[in-house]
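Each of the next two complexes has chain A plus one other chain: chain B in the first, chain C in the second.
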Partner chain A sequence: MSGTLTNHIFLQFVTGLQLGAIYALIALGLTLVFGTLGLVNFAHGALFMLGAYLAVVIAAKFGFIAAIVGVPIILFIVGLILEKGLIRFFYQRPHTDQILVTFGLAIVVQETLKWIFGANNLPFSLPSWGVGIIKMHEWVPFLEGFVVYPKWRIILIGVSMTTVAALFVLLQFTRFGLIVRAGMRDAEMLRFLGIDINKRFAIVFGLGAMIAGIAGVFGGPVTQVDPEIGMNMLVPSFLVVVIGGMGSLPGAVLASFLLGLALSFTAEYSAIQQIIVYVIAVVVLLVRPRGLMGQKGLMEE
Partner chain B sequence: MSDDKILHVSRRGLLKAGAATTLALGTPAFFMKNAWAQDALGNFPVNGPKVMFGFNVPQTGAYADEGADELRAYKLAVKHLNSGGGMLETFKPSSLKGNGVLGKKVDFVVGDTQTNPDAARTSARRMIERDKVIMWGGGSSSSVAIAQQYLAQEVGVIFMCGLTHSNDTTGKDKRRYGFRHFFNAYMTGKALAPVLAKTYGKDRRAFHLTADYSWGHTQYESMKEFTEKQGWTTVGNIMTPLKATDFSQYLTAVINSDADVLVLNHYGKNMVNSLSQAVDFGMRDMIKNGKHMEIVVPLYSRLMAQGAGASKIDGVLGTSGWNWTLQDAGSKVFTKAFEAEYGFPPSQAAQTCYCQTLLYANACEVAGTFYPPEVIKALEGFEFEGMGLSGKTLYRAADHQCFKDILVVRGKGPDKKKGEYDLLEVVEEVPRDVVTYDPKIFGGELGPYKPA
Partner chain C sequence: MMNKTYPSFWRANAPVAYFAVIVLTMPFWFPLIGGYPGLDTKILIWAIFAIGFDILLGYMGYLSFGHAAFFGISAYTTGLMLLHYSSEIVPAMLMSVVVTTVAALIIGMLTLRRSGIYFSILTLAFGEMFYSSAVSTLQSWTGGDNGLTGLPTPTLFGSVIKDTDVFYLTAFFAIVAYFTARRIASSPFGLMLRAIKSNQDRLEFTGINVQRYKISGFVVSAIFAAFAGSLMVIYEPYVATEFLHWSTSGKIVIMSVIGGVGTLFGPMIGAAFMLYFENVISVALHEQWLLVLGLIFMAIVIFLPGGFVDGARRVHRKIMGRSAPSGPPAEKGEA
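Showing the complex of A and B:
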């Protein structure tokens, strides 16, 4: 036996983190937009996919660093334009209307990308500094023998955690964050106080899109880039948001890693793995109807 | 009253007329070959100057690459049927004249199976009911093929399977109205296992990752059976969802086991992704049990090899139904025609779909009718050559499975390939007799010639 139990647990744990890292990046934007704007955004998967396609194109033309810098900025602008041109008209409409319009938007993006790039996988070459493996046994003392992990996937975990931390800082420790958090509780009161909450809302939507862009650049090489990844990633990310508690950022992050780890540790038992996500969702919602860290009042008026 | 009289007369007249008609229509039928049975069935009879074929291929999903290439081949087949050329020059015995089928020009409609059995059936139904196709074909994925075969049997329209490699297609789920030119997982196991044992030794421990549907399951069983006959041990198997794109959680489980061979029962994008990721995880550089870890891809295709890239498939063994580099007359003429049309060589999916279309058309010519039961009889037991691979191919009557030579192929590394599409080298051409098996081992019933 070359694999011991500790090695086994360690490798599945890292893989779980890596799976969770992508869910977290996508779910963050989803739950941020929902928590702040009360909008159920089914087009969020499409924004992630748009980010991945843009990353492929930009990386091929101008290099990978350009993609890392450029894609989130472009997605932020795309988010602003979407919010101003379409989304803001739906804040006061029922959730069913919001779902229909964002779902339609997702299909438009998906079919446009399919029309331009075809239905096949786009090859996404990693930058030279992201290729290769990390010899984990040289870093982690309790591992035995030879344990390696692809470098890019470790980078992905790092990027995800950094993004989560940055967003927390922005919302908890800045004036912008304070206003946005206040707006989540009572938008009307802010308007009375003379604060232009609509402008902040547009920025929040842009931020959500930007994080989806980051997920596209770093997650694209792992999830692969084809016109179906948007929808494929949206469903688990939505479950993550529901399990974590609609609108709760810490909940979304916690649920992402919970799901990633659950999928990783049940990988060898396919019958269980294919239902584990739903089992967790059912159990969590039975015990805590608002999700793990759901806030009182949201979706309940 | 007059009404009564009219009724009285017309009833008697009707009886007379009916008897006369029956006699008149019935008499010549006794002298015409098979004419007694040719009532309307499915979309028979074919009216008008054209005959309609349906091509139902995956335009989305894990097998979209294969679908796109199948469609190219179908268009080429229609072109050759209508105006000659291609394998019409090499295929024998052939009754095809290059002027359409039974004097009718061939037209076609296209559908999207979405690599999904339900979507495929809906799309096929539309072709049958709206476009009145007399035959349809295509598809990649055995669960899609099997779902369509059952539909074919229900409606009495022949389905010529595209890419389907599950044992079930011509085994427990075989249907009178379904035909398969492609080979199957059982043949893959039988052809590949001896080469594996010769190359990697008889003392090997294999871990399988398997696409979780009909094809994957039967390929896993066949590979397990035949590698174990060679002395290998099967350490484990994980069923992976067809929709999976990230296989990391399964690959780490393989790394954690004591296996020294990874068998990927994947196809299309699944295989491109799982193989690429296995290489990313360093699996081709690992030493397990004192041996170099090896990866095996039982069902290979040039499209997948291209998707994964030469550096990742270097030295990886598998089987293939056909490869464009073959030098027999049929392969050469087909590759030449395909390249002239599209600018790159055809895949095995293209070859099998092209052959299926010609074989169906030829069976109509042989039968002298589009009447499905007669066409089926013309296909059953038909033996032919000149459609790729040396030697003869038999469409076995007992299970509608084609028997022909099987290619064991090996991926060519970047230093060995000559050109963008030269990715597979043929290691061995396993003769038809070696991979032929008793149709009884898989059970199943073909069903009646005339659907109830």
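Showing the complex of A and C:
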């Protein structure tokens, strides 16, 4: 812990943003699928894991750029196939069935990857342009002395924020977004208007999977790539989604960074750090059972 | 089913008697189908856990993804009692049940404010909270990653219990658990739980304090888990951190669903199937047993939501040649 207090706080803050960036990337896909399709996807962590494993394989064979382009596309297609072949039959079934079938799917994906790649974690080598450090003191005026941060983690923050912004624009300012948002309010009415809402639902699920893929490519080098990672990331992501208010994209982003910062600022007190996330979740839900920015009436039976 | 003539005690409890016969003869027939000594005990422990879980999921309609919390809390309490108080199991079990009940009351009051998916995720979060506390914050008590080791061999009224003694002790609790759960299911309280599952709001309108019944159902379910967790430590005097891990919660969910929720007997069959699969059939499947189990689980959720019990019913109906509509489907909660 070298440097002044300002430097210290600044570094904790950046670390918090970086942690929040991973949570945001994973929670974004979760909450998108939940908010628009009303589906709780326990397999989302497994999709993230699939993205990370694919990224390792593709990056080793064809280079990192190929992984950045390829993995989200592959995951999008995987998402489309899953929706068409499995998920769509569960919109009408009870929520418990949705949780169960996606939980089963998570196990199948996890165990398949374990079978192919073994139980140990895979080494993820960063591309040459992502290795190294950024000299923060050259960019931020109030820092004193020598303050550095890994380059890749800064890239991760950037990617996460860009994805958030892109998704927001897509949903808020395009015709596609309008239809999807209308579909989540009243799918029946859209069918009367002659809009093929089912096709859009499939695309939304594909998008959710694609974001999990982006999280896998950029988050994988930070989190580790092992068969446990899917479930390990799923639990905090769910908490993020619940704290933010289920189905709310801004809520999920807000909650991600809230949790990320809480984790990084308690890092020195590991006893507190281990439970801080749950403490926040409980407090938020006691005060606001619907979450920070949850909409009224959404999925409340 | 609505005839007013009550069956005699013996006829009403005939299934318990059958169950008792099957369980008590287990040491004789179980090795014949490849079970190793001790696996039968483990199956019964998980069966007790599964019965309790079914009261919550099958009857009340609440899918908990954090039930390992109660199994684990009880196991740790038993372990700590054996380690620091005495090797006698009676005080250890009593203490475990008390501690678990208190924990279930608190968690129930917090999580049962929400239903459906919120409940599932909140219970998952609470489960993870206990897990990460056990491996980090409470390390000096729980032994962290290593779990609780060095426990004395448990005793009952001064005499050491092991191997077959543990089996018959567990069998006794399993039979009592099945009997109790059946009584609960057919009681007015059980009816109330089923009413919660089918339509909470309507129940609320009749002036009933639904929340109180939900918490009671949750606590009752946790008490079964407490007995299971305690017996697990008596069976093998060691507390693994895994007992609190989400995978334990997932395991009980898989067992219940495979066997058939809402039937009490189904989840026990599921428990037997899963442990048999994990320990005997897995030899042929090597490391991939969990993958195969995951596929079986998915297939059942998709095609046979009532689990094995529902499957058996359907086959039975086919053979009897009767037409469909008799008997309630196990998992169609919508009213």
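Things to note:
One rule holds in what follows: the second predicted complex is superposed on the first by the 298 of 301 C-alpha atoms of A that agree within 3 Å, B and C clash if a C-alpha of one lies under 4 Å from a C-alpha of the other, contacts with A are read in each partner's own complex, and residues count from 1 in each chain.
The rule is short, and it goes like this: contacts are C-beta pairs under 8 Å (C-beta built on N, C-alpha and C of every residue); 3 or more make two chains touch, one makes a residue touch a chain.
Bear in mind the structure is a predicted one, so any value in this text is a computation, not a measurement.
In this overlay on chain A, chain B clashes with chain C. Of the two partner chains placed by the overlay, chain B and chain C both lie in contact with A:Gln274. In the overlay built on the shared chain, the residue A:Val282 is in contact with chain C alone; chain B does not reach it. Of the two partner chains placed around the shared chain by superposition, chain B is the only one that A:Gln224 touches, whereas chain C remains out of contact.
When both complexes are overlaid on chain A, the residue A:Tyr149 reaches chain B alone and has no touch with chain C. By the touch criterion defined above, A:Val140 lies against neither chain B nor chain C after alignment on the C-alpha atoms of chain A.
By the touch criterion defined above, A:Leu19 lies against chain B but remains apart from chain C after alignment on the C-alpha atoms of chain A.
With both structures placed on the common chain, the touch criterion links A:Asp97 to chain C but leaves chain B unconnected. Of 37-45, 73-81, 91-99 or 145-153, the segment of chain B running into chain C after the two structures are fitted on chain A is 145-153.
Shared interface residues of chain A (contacting chain B in one complex, chain C in the other): 114, 270-271, 274. Those residues of chain C lying in contact with chain A across their complex are 57, 61, 63, 65, 110, 113-118, 120-122, 124-126, 128-129, 132-133, 135-137, 246, 250, 253, 257, 287-288, 290-291, 293-295, 297-298, 301-302, 305, 331-334. Of all residues in chain A, only 1-3, 7-8, 11-12, 14-16, 18-19, 114, 118-121, 123, 133, 146, 148-150, 152-153, 222-224, 226-229, 232, 263-264, 267-268, 270-271, 274 touch chain B in the complex they form.
The touching residues of chain A, when paired with chain C in their complex, are 40, 86, 89, 93-97, 99-101, 103-105, 107-108, 111-112, 114-115, 231, 235, 238-239, 241-242, 246, 270-272, 274-275, 278, 281-282, 285-286, 289, 299-301. Across the complex, chain B meets chain A through its residues 59-61, 64-65, 68, 212, 236, 238-241, 243, 245-246, 248-250, 252-253, 255-258, 269, 272-273, 277, 280-282, 286-289, 307, 309.
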